[in-house]
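What follows is a set of structures for review.
One chain, subunit A, links the two complexes that follow: it is found with subunit B in the first and with subunit C in the second.
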Partner chain A sequence: MLGSNMGLVYALLGAAVAVFLAGAGSAIGVGIAGQAAAGVVTEDPSKFAKVLIMQLLPGTQGIYGLLVGFITLSKIGLLGGSPAEMTAFQGLLVLAACLPIGIVGLISAKSQGQASAAAIGIVAKKPDQFGKAMLFPAMVETYAILSLLISILAVNAIQI
Partner chain B sequence: MAVLQMQRISICALKKERKPILEKIQALGLMEMNQVDQEAAEYGFEKQDTMVMRQGFDKSVSVIENALSILDNYAPIKKGMFAALEGKPLVKDEDFNECVQTREKETLKAAEEILVESKKIAEYKANLVKLENQKEAIKPWLPLDVPMNYGGTLHTAMILGSLAGEQDEAGILSRLAEHDIDPEDLEINIIHSDMDATNIVVFCIRENETKIEDALRSIGFSRPSNMISEVPDVYLTNLNKTTSELEDKIQEAEGEIKVKSKYRQDLEYISDYYRLRSDKYQVLGTIPQSTRTFVISGYTTPDGARAIEKSLEKFEGCYVEVEELKEDEEPPVLLKNNKFSESVEGVLDSYGLPHKGEFDPTFIMSFFYVFFFGLMLSDAAYGAIMAIACFIVLKKFPRMSSSMHKNLKMFMFCGLSTVFWGVMFGGYFSDIVDVVSSKYLGMAAHPAHIPAVWFTPLEDPMKLLIFSMLFGLIHLFVGLGIKVYMDIKAKAISALITDFSWYALLIGLIMMLLPSGMFRSMSNMNFNFSPVAVTVSHILAIVGLIGLILFAAADTKNPVLRILLGLYEVYNITGWLSDVLSYSRLLALGLATGVIASVVNKMASMPSGVLGVIVLIIGGCFGHVFNMAINILGAYVHTNRLQFVEFFGKFYEGGGRAFAPFESNTKYVDIKEEN
Partner chain C sequence: MAEQFTYAVARIRALEVSLFNNATIDGIITSPSYESAIQYLQEKGWGDASTTKADEILKKEEEKIWEVVKDLHVDMKYFQVLSLPKDFHNLKAAIKESTNTEKGLDIYYEDANLKKDFLLEILAAKDYFKLPENMQHPAEDAYEALLHTGDGQLCDLIIDRACLDAIYEAGQKSDASIIKEYAESTVAVADIKIAVRSAKTNKTLEFMNRAMAKCDSLNVDQLAKAALQGSDSLKDYLMGTAYKEGAEALGTSPSEFERWCDNKIIETISPQKYRAFTIGPVIAYVIARQNEIKTVRIILTGKANNLSEDSIRERVREMYV
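Presenting the complex of A and B:
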């Protein structure tokens, strides 16, 4: 039984890896930025909205992970209740396709959290430079987006 | 459509009309002060020191501000959720002047009284804390019915104090026995005992007093530091009485403050009045003045100059001169755009205004901004909610600050663009129509479906990827086009050649890429160019390449270095590649919105029956609001990034200084000028 549909196991593992690594990265990143944001709000509560936006920036990797996880689940038919028959080879392909967003998501979200924390420092001292401050964390996210793109294209391209 | 031209306006007038002229200019708010001190000083003009006056006004402002914040504390007024959007109310200048003329002193006095009362309250509260401590300290002595400092009678001595820890009479006596004290010689009364201390009163014959007290001290006895000359019970009653008196006084003072809340509006007016005067005196301090005349000079727009000239006509002996700026002057920047494009001025401002002689990209950027924002969010329902919400807020709060107004207008246009892209891609809360119709309307076999007008990105992501990059390429080429325009204006020939070389090289390379097998396999699109076109593409690429190598570093004298720097410029082709790839975020963010919305739909529609409908509505609302918020944020951030990094990177520097006119900079009210 297990051997006959090992492909499905690999594929599900892929979805799990995407959600789990990218989500963990976002949790770390949002946490780092949140500490800086909380510090600013103790000094000046009126900056709450601005620093909250900054804190949310590293949260997107988790969403990208969820996105790939979801696409994968619907691809392998687990959501519809009728899992697709697939070989171990196909399952491993799906797993490989999920890796970019998982790993890049994890690392980039943490780095983006650090950049966000620094940008929150800008907002604390020069609130009018919000637009520029927001850009530094957004730079980091580019690489998460690139990996998301490859993950989506790859998952989509695998024939099942 | 552009950066407004600035002119220097100089006004020379009689000193006796200094006040009304300055006030007029301040009310108009069209002129940025920039005095010509040096020239004026040569003709014997001097500046007046207004520091003391200004400090006086600033102090009054801070007194009133403190009074207002105290008022907010004791007599708060309810503010709506959207108070921040309401903006400052408009007040007729006659009302404002009437308040200033008749009630200035009274209002300032009210403010000071509020401060006095609040100081009193603070004092009373400090006293209350002290009283509470005293009450705590006396509590263990309450059972004592003589004053604490009662020494005893003629022959009997009373020793009062405490021992550490919880102790009983027998224990104390036995420890005293170790110090040769006969238990018969004294009587111990335990007043109060707890874990920390045991309070005792000891009676003995006067002769034995010293001996017994020494013995007591050796087992850790000590007299209290604060001996109260009253019976503790009476003392506590007195304390309680003082407390309630203080509380009454606090109530009374608070009442006084609350009564003053009728002055709130006047306080706000007068606060703004002092603010205006402080600004005016700040300017006054910079104006060169002679015995009978003064000169004001500064920047304004041609329209502003006309308006100022017109409004100063009625002043006798007032001479206005308008002239063009000198070459070396760095004028402030004021943008003027059409009603649509001005909405993105805030975005440009957060990057930096154009520096002197630079092109204002607002107009061109506004179209790309709205276009890309919609493409990233791309859900018709989200876009409609956004546009309608912004529209309602804009209509409901017409007096919000102009920057807020522009931002909301930008989001409204972005919302409309989102509706457009949502319709193109068939996203209405992603697939809510399919989900509801198949699950709740009994159309499981053939669910209703709103087809995409163009195509569904999730079914053909490669197609949208190619288009994203195409849109990006157009965006970048337009940016390069603006650089061409600026180079033509600056007559920079070699820079122009470099720009066109880039066009040639890039177009040539793209024409070579399109028919290649790699592109065909990625996009399923077939380009078959005729041999002529292929030749043209090769020629373009080679001409571009040579142009870049020769002209990118045209100012370098050393020919070898020039070629090397030119080759380095060619290396920039990787920069173009990464810029174009960067636009893939248009696809990624668009997909993210759609897929998460469909996850929300799927989860919300899991339970069935009546409960299912409730869960669908509540869960759907919650989930979609969350998804909308996070994706609007994402679309905003990444649209900004595409403008700032990719687009502006091709031609824009920024770094201009914003026009900061001398104007009525008020905090609470806007004063309506009556002409």
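Presenting the complex of A and C:
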């Protein structure tokens, strides 16, 4: 019984990895940037809107993880209530497809949080340089998007 | 992983906006009178409603620094290197008071860790072991020396040397690079100051060896020997070290040299403007604020004594921002 459903277990594990790792990364990143944002707002509440945008930047990886999780659940039929029949090999393929956004999401969100915290320092001293300051953490986003793309393409490409 | 100070650094970044830059300092210098300079400071938010005199305003600003630091909830161990000079100063004052050399003078720092009454009590009972470890022997030596010889300079020399040793040790023990660098710069600059004054007043090699503290960027023996041979020899020695600008300043004027000594410390902390997570920017902010207050004090003293703007300007220190 268990052996015949292992494919589904692996696939579900893939969806969980995408959501869990990318979400955890975002939580860490938003937390780091949040500490910096709170520091600035303590002294200068007028900068709230600007630093809030900075704080939210590392939150996107969690959304990407959620997106891949949804696509995966939809692919394996769990969302519709009729789980697909799949071999353990197919399940492992889905798990592998979910790894890019999971791992890159975790690392990039934390790094983006640190870059955001540093950029919040720029906004604190030179609010007119907000646009430039936002570019530094935004650059980290590139790699999260690349991994999201590969995860979506890979999950969709697997024949179930 | 080293401790992160993200909140504290971001808050300091916001506070750095209100630090005086060179243009603001120039604004105080060009104020038409002493009174208008004080008014300018008040307009910039210095002091509070209860402060009107310069001393009160400057004292209030010093208090504000430590109010901010306390509000950041950062471990005060990081600031020990900055509070050491005040603690040793109070010890010196207490020794002089308890040996009847100087009485009734208001020469204590109230914001030091070691307060007047605590120190006087220890000295009266000779309970030196109640003092921090690095103060116990110097306190006893200085007390006995002053009691038996009445030589205030010898007492100062013992305590000042112990203070420099304590700063160097605090730097060596610290895992924060800024504390290491600050301690090294402070001790080296103090050694150079001792050498300069010793060269001018023809002090002996023994005196200099006793007064100068060990540091990594200077060879204290060579520095003392160079000072023994005179100011020119001292300048030649400094030209071959990391402190050659000090030698050049020494050649210009005494006030230029004093200015270089303070600027060297600001130069040491300047890279902290670009750190985002370490304790460095917080310590740098405290040093920068103290430098700012010192600079304003110099300007106000100049204004009170009707010095020309150029004379004041050549004594003014570099600002952190």
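Just so it is clear, the second predicted complex is superposed on the first by the 160 of 160 C-alpha atoms of A that agree within 3 Å, B and C clash if a C-alpha of one lies under 4 Å from a C-alpha of the other, contacts with A are read in each partner's own complex, and residues count from 1 in each chain.
In this section, a residue touches a chain if its C-beta (ideal position, glycine included) is under 8 Å from a C-beta of that chain, and two chains touch if they have at least 3 such contacts.
None of these values were measured; they are calculated from a predicted model.
Annotation: superposed three-chain arrangement on subunit A; subunit B versus subunit C shows no clash, the two fitting side by side. Once the two structures are overlaid on chain A, subunit A sits at the apex of an angle of 50° toward subunit B and subunit C, using CA centres and rounding to a multiple of 10. Look at A:G121: by the touch rule set out above, it reaches subunit C but stays clear of subunit B. Applying the stated contact rule after C-alpha superposition, one finds that A:A36 touches subunit C and leaves subunit B untouched. Of the two partner chains placed by the overlay, only subunit B lies in contact with A:F70; subunit C stays clear of it.
Between subunit B and subunit C, the partner in contact with more residues of subunit A is B.
Of the two partner chains placed around the shared chain by superposition, subunit C is the only one that A:D44 touches, whereas subunit B remains out of contact. When both complexes are overlaid on chain A, the residue A:L135 reaches subunit B alone and has no touch with subunit C. Once both complexes are placed on a shared chain A, the shortest Cα to Cα gap between subunit B and subunit C comes to 8 Å.
Per the touch definition, subunit A reaches subunit C in the complex via residues 32, 35-40, 42-44, 47, 114, 117-118, 120-121, 124-125.
Residue ranges of subunit B in contact with subunit A, taken from their complex: 347, 349-351, 458, 461-462, 465, 581-582, 584-585, 587-589, 591-592, 595-596, 598-599, 602, 630, 633-634, 637-638, 640-641, 644-645.
Per the touch definition, subunit A reaches subunit B in the complex via residues 53, 56-57, 59-60, 63-64, 66-67, 70-71, 79, 129-132, 134-135, 138-139, 141-142, 145-146, 148-149, 152-153, 156.
Contact residues of subunit C toward subunit A in the complex are 4, 6-17, 276-277.
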